[in-house]
Amino acid sequence: MRDVQTLLEALPYIREFHRRTVVIKYGGAAMNDPVLREEFARDIVLLKYVGMNPVIVHGGGPAITNYMERLGMEVKFVEGLRVSDAETVELAKMVLVGKENKDIVLRINRAGQPAVGLCGDDGLLFTVSKRELQSGADIGLVGDIENVRVDVLNHIAEDYIPVIASVGADADGRSYNVNADAAAGAVAAALGAYKIVFLTDVDGWLDNRGELISFADPDDLRAALADVSGGMRPKLEACLAAVDANVTSAHIVDGRKPHSVLLELFTDGGIGTKIGRTS
Amino acid sequence: MRDVQTLLEALPYIREFHRRTVVIKYGGAAMNDPVLREEFARDIVLLKYVGMNPVIVHGGGPAITNYMERLGMEVKFVEGLRVSDAETVELAKMVLVGKENKDIVLRINRAGQPAVGLCGDDGLLFTVSKRELQSGADIGLVGDIENVRVDVLNHIAEDYIPVIASVGADADGRSYNVNADAAAGAVAAALGAYKIVFLTDVDGWLDNRGELISFADPDDLRAALADVSGGMRPKLEACLAAVDANVTSAHIVDGRKPHSVLLELFTDGGIGTKIGRTS
Amino acid sequence: MRDVQTLLEALPYIREFHRRTVVIKYGGAAMNDPVLREEFARDIVLLKYVGMNPVIVHGGGPAITNYMERLGMEVKFVEGLRVSDAETVELAKMVLVGKENKDIVLRINRAGQPAVGLCGDDGLLFTVSKRELQSGADIGLVGDIENVRVDVLNHIAEDYIPVIASVGADADGRSYNVNADAAAGAVAAALGAYKIVFLTDVDGWLDNRGELISFADPDDLRAALADVSGGMRPKLEACLAAVDANVTSAHIVDGRKPHSVLLELFTDGGIGTKIGRTS
Amino acid sequence: MRDVQTLLEALPYIREFHRRTVVIKYGGAAMNDPVLREEFARDIVLLKYVGMNPVIVHGGGPAITNYMERLGMEVKFVEGLRVSDAETVELAKMVLVGKENKDIVLRINRAGQPAVGLCGDDGLLFTVSKRELQSGADIGLVGDIENVRVDVLNHIAEDYIPVIASVGADADGRSYNVNADAAAGAVAAALGAYKIVFLTDVDGWLDNRGELISFADPDDLRAALADVSGGMRPKLEACLAAVDANVTSAHIVDGRKPHSVLLELFTDGGIGTKIGRTS
Amino acid sequence: MRDVQTLLEALPYIREFHRRTVVIKYGGAAMNDPVLREEFARDIVLLKYVGMNPVIVHGGGPAITNYMERLGMEVKFVEGLRVSDAETVELAKMVLVGKENKDIVLRINRAGQPAVGLCGDDGLLFTVSKRELQSGADIGLVGDIENVRVDVLNHIAEDYIPVIASVGADADGRSYNVNADAAAGAVAAALGAYKIVFLTDVDGWLDNRGELISFADPDDLRAALADVSGGMRPKLEACLAAVDANVTSAHIVDGRKPHSVLLELFTDGGIGTKIGRTS
Amino acid sequence: MRDVQTLLEALPYIREFHRRTVVIKYGGAAMNDPVLREEFARDIVLLKYVGMNPVIVHGGGPAITNYMERLGMEVKFVEGLRVSDAETVELAKMVLVGKENKDIVLRINRAGQPAVGLCGDDGLLFTVSKRELQSGADIGLVGDIENVRVDVLNHIAEDYIPVIASVGADADGRSYNVNADAAAGAVAAALGAYKIVFLTDVDGWLDNRGELISFADPDDLRAALADVSGGMRPKLEACLAAVDANVTSAHIVDGRKPHSVLLELFTDGGIGTKIGRTS
């Protein structure tokens, strides 16, 4: 280490986050770029070692689409949600739980702290119900999380880093695709997390002129939400849900930047957008 | 309940198995037949409720082959082992961990006791190394389990039924197919299990005339093993490994029969083959 | 075991009763018939092994009367209660605590789960006061339970099956006979038991035509109680006291039938009378 | 308190005995005299309050004989042991467990610390086998303690003072009379007690001239034992058994003297006979 | 021990104080006289051994004055409080924490129960703020206790006797002299102590004619306080603060009498003044 | 934080030291310079927050000499040890325990993690005996540590940072000066510490030409020790004692450099001398 000064500058943050739970929605470039994903694993292990309780929630859309195309299945989205029949959900679950989740687990393991992968089925973590669109369009087996049973998560988090794939089933055991942003927000709310961080492929939440909004309080966000569409919308909705459930702040950061989670958590201004009661 | 007498007849067995770990290698018809797999889930939940600690280990070959064929991948076996390149292992892992494992977890959940699915990656459960065949043939990424780290299993088993998919990685994070019979044997040995039960699609271990061998001690088995080939061989090897590691007895039963696990554990003679020190 | 199906039919009941306390008032033929009492001990051990917390409360009138007659003491009852001077109480306590209680303990021990016998004196379990009859008749040292201190019971029930003889003392250390039905009701109320079951020598609570009343809610029972006399009355009063104290249901069953406790708990309709809020 | 000096003189003894187990064989005048037995209860509670773990073992011969005579049963002793048929054992058990034991429990309760009464049946505390006399005489159901299972005792002693009646059963559930001195010695040995104290109706172990032997080491005692007969013999045998099992010292004191247990434990020379490795 | 009767007379008091916390303000002759301070250490160890939780709070004015004079520092008191500049506080802290506190710790250690010395700095035990006198006089670094953080005290008291020197610091780390009577009262209030005892060099609180006031309730005391001055005033204020914070009673005793703490706690009338709700 | 990279470079060290005990001998410039001592407190708190268990041992010679001179006491050293009569020890103890120790405690408290100060008297931490010099010279009350009782230390270290002043007493309660280097070595050995670090006012252990010796194994050190004198000698002896007692490595660093403890622990080569089995 060239410069212990930096370590000491982290001390106030380490102290602030001690024994706190931080939920990280993982996705985008940080998950797909080979260098960034190695760095992400090390960053998460560092958070655990300095006394935090990091919980990862991830999706994996591109890999699902890729396998669907290889299998000649039709890929179709309505309002940004994947239209999902039973075969699509089976495949999505295979990709998320059997491929993406274990890739993350293995990388965290190798970075020095064992992880355990879960999905909504394990320990009845998620109870899901069919999402009804206001437009009346039927997008099939796409679900909303109705309930999060945190027992299994708390159990695992004592000794391991939990990594959660965003799929789940309803009370009859029928599986659904679940939006990973929404899943992360529900998990943070249920755990009473201290913070939630969303990794994206943009700088953060941008205003109409494309400028980064560094801070917004929940009321600002609520007012602005009507005009937001695209991939940022579910993230902002999840931020709002989390903050409304007493998560102290929600953060949207640029996962393309190296160590974006650490930079957001361990520097004063942060690098992205912060949603909270006070800046 | 029509006949409480039957319940009382179970008492000596319930007493014998109280707080004992029983590893069950799940596969074959019991896993593929819709009626049998519902019954299996209920049987396992019953074992948990009467005080046992059941641990499930499963494979899922047919579903892997099915997906490989749909994707136009070559399916090839050498000495009964699937020749596996990296793409095959990725797919196998998706099928086992993301489809078969969660199907079992969901059915056990619905039968009334929450389960948690794991694979060899979770909590560093398995450390695997490449299997070298005596024939010198290279079958690619097929692995032997070198080490089982039981911490995560014991942690989960306090409150949940653990369900383990037989895949794992080596120290460099490279994934391998792992034979599920061998994985079950290694898990039973590492846990110091009381019993291990293999579900098959035959009556048990049959002699040359096709008659069921009800009981064999380890030395009998060792002597006979040279002449055994096919799918029974890895099961018998796993039985031997388990019994040599002080598992009290190993059982091979016919999973096509309803409630075969209960019948083997809760009746005097059992219904299949028992390998142990005394009959 | 001939038929594992039966075991599986018990599963919903086992699940319902898991970690629940069931108080069983033991007496009558089930206690005096050599075959029935062996079966009772095994039934109770089974309840413990499938995860319930059974607590036995017993009397022992016939054996007391027998010893009193051998000693030339006068046996006299008023309103169904034994008129008791100090010598009678001493003898009753000897018979209940030193003979009947230990007979039950020994049989449960031999059935495979250690029991511990207690009376109201142990760990200050019962505090008793003299019962005053409305008729003004003085029946001597017959007591009502004023207080149940459950510490000792909870302590014992962690590892053992508690068996309670219904005698107790007042704050000055003077001993009293205590009606065993009333004692069982008080214990169930104090423990917050899930169910209480009274073993009798009739089918259950019978209506005027001698027909079994399968179900009654507390208000039915309260209305009918004025017309009930004899040995059924203290049982019904104890049922009412227990249900009023939030015990979910109280059951009166025919202890002359083999395995009556199991049949009542583990079959849908039960075999006797159930007092509760809903049938 | 007139004189705190006395309290301070007790300090070295209180320190020495802190968290130590002392088994007290209770009997004779200390148990039968109304004043002495009240004082005994208070003495025992004091021991508990100053941090010791007192365990009481008692017999009750005179009360048994009294009831036998009232019932017209034959009272007969061979070599100091009561010839016991099944009816005698039943009565003895009633007297010891249902009368004497609860009298002691009630008095200790009233002295301010709750006690719990046990006999050899409770929690399988004693396993007993038939005693064979060297003379070949058959004295019926008189037993030797083969095994003491201390779990129930340790469990009770956490919060209560255990009071043990010296009866027990064999593996078939047949009950036996057990000599209380021998039972006390076996309990002390099994608990790894620090001291055992026998209350008698003489000054202690007396030599041929009737003088008190203040101290003897185990070898002295072994040498002298051949010449001892009568009621002192089982006490000395129990002393020897206890000291041979690493109980630090065994004491025989005159229970007719007020507070004899306290005087023996809390004064330098003691008042009776001490058997140990060093004086 | 000559007379166990005395020990038994202590039983009701031992019972009353079992597992209770008693704060003892130590000072005066009991701290300075070589014989009395040895006896005090033994008395405190006795309290611990009979099951109480004694906590010592001490000052040490004479030794401070002595060292100040040796160093040529000016010794000045205003309204009974030592005028304290930073140099005075440094010296006072050295004397109290490094000399007086460790003398007490060593004597208690030797009396047989390890003690641990603390001051207000350790584990942030005290948070102090500058005391403002009503007269407006500036007495420098004399502090009032604003907050007592009992964690460290409870932690230590599990296994050790805590001995507290009455110094503390404010939130900026500036040290202050703290009146030991006030510190003792604040500690007793924060711990929810059962009793607090002040050792003085007079008989207790005396009325105008110099007669001992044996008992006063808080309202009596409040009414009388206006007329009290001198060293008794801070003691009475601390008594009032403690009793107002639900300490059952506060006691002022003559520390010049041998074993004054024991005599006050273990005799009916006590020897000094008791402040409480009922006599 | 400007540069999270540095934080990540610390990760391997944080992982290595996780839940490990590191004893730090504190003294010299790092203790006397106002800037360095603030930094030291923050460094120690950082170690605690990243999961280590730091234990501080300190001396305080200059402040003792200063007070001795102010009091007109003779200051004299023999073989580098302060000649100490009872008055000197009393003063040294006051300075070390009441001034230096609490200064360190207060600074660590303010840096964000509560500390608790101890000396050898607290909880019988040190048992000391008089040091005899080979020269036969009598240096008075200078002691060697004979025994370290770690209970109190482990107790405190669960929640607080322990800070130990190097004074102690013998079995008779007589106090001694104890060399702080030797005390630190004895504490590290008794705790089974992972590392011990000595802060000095030189670069480390220097060879004859004044060059820093970066690494030495215990045998090198043993061979060289005969030729070392002055203040480095007790440090090297303490290093040797610690390493011989299985402390993994002992380090001598230049406390004048900012963050010397962090630089030694968290950089590959370290900045001073390391004594251990392998470099």
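The letters A, B, C, D, E and F name the chains in turn, as written, and every chain counts its residues from 1.
Everything that follows uses one rule, which is that contacts are C-beta pairs under 8 Å (C-beta built on N, C-alpha and C of every residue); 3 or more make two chains touch, one makes a residue touch a chain.
Note that the structure is predicted; figures quoted are calculated from it, not measured.
Chemist: Could you tell me which chains are in contact with chain B and with chain C alike?
Modeler: Touching chain B and chain C alike: no chains returned.
Chemist: Chains touching chain E and chain F alike, please list them.
Modeler: none
Chemist: Which chain's C-alpha centroid is most distant from that of chain A?
Modeler: Checked the centroid distances; the maximum from chain A is D.
Chemist: Give a one-word verdict, same or different, on whether chain C and chain D use largely identical residue numbers at their interface, taking over half shared as same.
Modeler: Result for this pair: same.
Chemist: Starting from the mean Cα coordinates of chain D and chain E, work out the distance between those two points in Å.
Modeler: That gives a centre separation of 46 Å.
Chemist: Please work out the Cα centroid separation of chain B and chain F, and write it as a whole number of Å.
Modeler: 57
Chemist: Please compute the C-alpha centroid of chain A, do the same for chain B, then give the distance between them in whole Å.
Modeler: 34
Chemist: Going through chain B residue by residue, note those that touch at least 2 other chains and give them in order.
Modeler: If we look for residues of chain B contacting two or more partner chains, we find none.
Chemist: Answer with line, ring, star, complete or other to describe the graph linking chains that touch.
Modeler: Per interface graph, the chains form a ring.
Chemist: Using the touch definition up top, name the residues of chain E that touch chain F in the complex.
Modeler: Of all residues in chain E, those touching chain F are 70-71, 90, 93-99, 101-102, 105-107, 109-110, 114-119, 121-124, 151-152, 155-156, 158-160, 167, 169, 172-173, 175.
Chemist: Which bits of chain D are touching chain E when the two form their complex?
Modeler: 1-11, 13-15, 18, 42-43, 45-46, 49-51, 112, 259, 262-263, 266-267
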